[in-house]
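Should a chain be cited, it is by its letter among A, B, C and D, assigned in written order, with residues numbered from 1 in that chain.
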């Protein structure tokens, strides 16, 4: 994988990605991220998008080298505590941080890291939103959207802008999924669907990723309802 | 735009529109409106009608000259604080108020002001309710409703009253949208759909506007389900 | 209207209907009923069944003469306080009670009283549940249900029991609606649909009426989904 | 019924089934289970899966002899207190426990016990989830699922694993229902649908049973939506 220029441009009020790693890998920063990830996971759980123990969320901790705080595997996403996280590297492998009890990262952490590297995302959301999986089933070649106001919520235009939410086949191999994502990646589109699986969406920070996720889900629900 | 006689008649328990502007433009009044707009926005967010940072709500602050308190742009509508507002004039341009930190008004503030002027609304709601956009997609010429009890909730009759919820094409130009609204405006109908976008609804005050919005959405959901 | 034997048999844990009227008409009893009606209304509002200011709930206060506590007209059903009620007689007309500020009863109070008299209900629920109105639109001659476990939740059998949820045409005249209800009334079936309007359901007390309402709505949603 | 080897393998963090019965039958343990069952029931009620007084949940208290704590019959599942339970044996008959006021167990307690015995479940969930009953209506011979990520949430594979959620005809006779369940039981599949009735799902403990229930319901919703 070559160097990528972040496709999501930093907005003035978004946190500046920390370049001072590995010193940025403090327990305080990890647990602060964990608190944000827990609150956000509970929100998405309330929407029914993280049934069982499904889905996972991440925040970029340091950009160079790439380190992410990601929700731990196998836990109820409506009941996370700030320490229910793992820190991973660009391949999704766990990275020890002093003062943070090591938990098993989600298997999908590698794909989160890939999205962060390729798309320049500051936070990545992966949820099993039903409408996304229905849309992926209906349009395996990608979901075409155009001339809908809510496209502005994902950074696109409300008029005359042909948007495709890519759909990639599912796999248990995160490198394979990452390669498929990179093949279809359009820096203008901050989301893709894993067919028969769920949705990935991202933003400059976690609140932005929330907004993108909510808007993509709305757009997919609308596409399904008006097909 | 000519002078308009408010089409929504004031009900006895509705707040009397303040005629004593510009003296009515106090920070206290603006922040009190902001608190009401924040609570109402959170309510609509809970319905899934304000995904991302979409939608905006306003209250008329003074009628002559027309000034509105409108939710600020780009914020999560489930997490507003009372000061997350802007004060705008009849064209949607920001108006400074001493003691109120100036925030960027929503681009749609101009359309809110137009609705307030043309329809005499005391409060205007704009939400991205999915059923409204689906109905607008299905019936681009307007949604015909008749002989449904819930029509009483928008000030119409439950029997023998042909109601049309107008649908106008979307635009990013608020003057254009306002002109389209005025072309289809029927003083008896306190709502319209912007196609591929969302719903506008209004009332004498914010609680009334809430009730109208809820009833219109119910009617549109019913129309879609029984089409 | 002739004398009616209550069709809903009192269960051991249901409150015994007060026969000692008019002495039973105390402000304390009315406000206690009002608190229960407010909580129950808020619950149904949370389901989206009382949009705008729609719907109303009642409890029988005294049986002989028949007096009901009914939610007041024109208020948001998610925000009622215990005093947001009126006391009405068997025709739905307001009855003054010392210590209770007189509010306007819902126009539909007369139908509540009729249901209490005819069906022997201790509490009556009227909500604008969307599935009920959709079912009434689809089956104007009545909704046939059979061989569904949830029928037990409305006092019927899970097997070999042909249940019809009656559907009557809408009217603004409560006597007319009451006559239509009586025509189709089957003492075994504690609910009916007013076409293009909403659902009436009842029970021995308010909690029972809640359970019947929830089960009828579920059954109608199921009927619509599997039609 | 012959001896069964539990089909659900104990996970490291699941509570070890208590073999020291009948000494394990203490009021403390029963009420602790009751508190967990009450919280879980309230959660499912919030999803609309326990309308009226429908559904019931259970936890295995002791394995040999088999004793379960099961939610009591006829109560609102959103308002249970820890003591709103009964203790039953392998046939669903009440078992007295000192310090626990005897409540009537759900009639379905016998089926819970059968599932615990046959499948080795530590906790059993029975809910009237609408999507499950719709799926049972559509596919009376069983719901076929394959190649969906969420299958991992019920212990199956995301790829190349043909999963059938069995559907059995409804009955009021728990022995008959239990026999039907055993006929279709596949130890790899922790759920079945009772046609025209509801869903049974289970896990090693109550939290695991919650996750399985949520994933099965999601899968059935997806199957219905994409059929």
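General remarks:
The rule is short, and it goes like this: a contact is a pair of C-beta atoms (placed from the backbone, for glycine too) under 8 Å apart; a residue touches a chain by one contact, two chains touch by 3 or more.
Worth saying up front: this structure is predicted, and the values here are computed from it rather than measured.
Minimum number of contact steps separating subunit C from subunit D: 1.
The set of chains touching subunit B and also touching subunit C is empty.
Of all chains, the one whose Cα centroid sits at the greatest distance from that of subunit A is C. Centre to centre, using the average C-alpha position, subunit B and subunit D are separated by 48 Å.
Between the CA-based centres of subunit A and subunit D the separation comes to 34 Å, rounded to the whole angstrom.
For subunit D, the set of residues touching two or more other chains is empty. Contacts between chains close into a ring here, every chain touching precisely two others. All chain pairs in contact, by the document's touch criterion: A-B, A-D, B-C, C-D. Partner subunit B is touched in their complex by these residues of subunit A: 147-150, 153, 158-159, 207, 210-212, 214-215, 217-218, 221-222, 225-226.
Those residues of subunit C that touch subunit B in the shared complex are 48, 51-54, 76, 128, 130, 133-134, 137-138, 170, 172, 194, 196-198.
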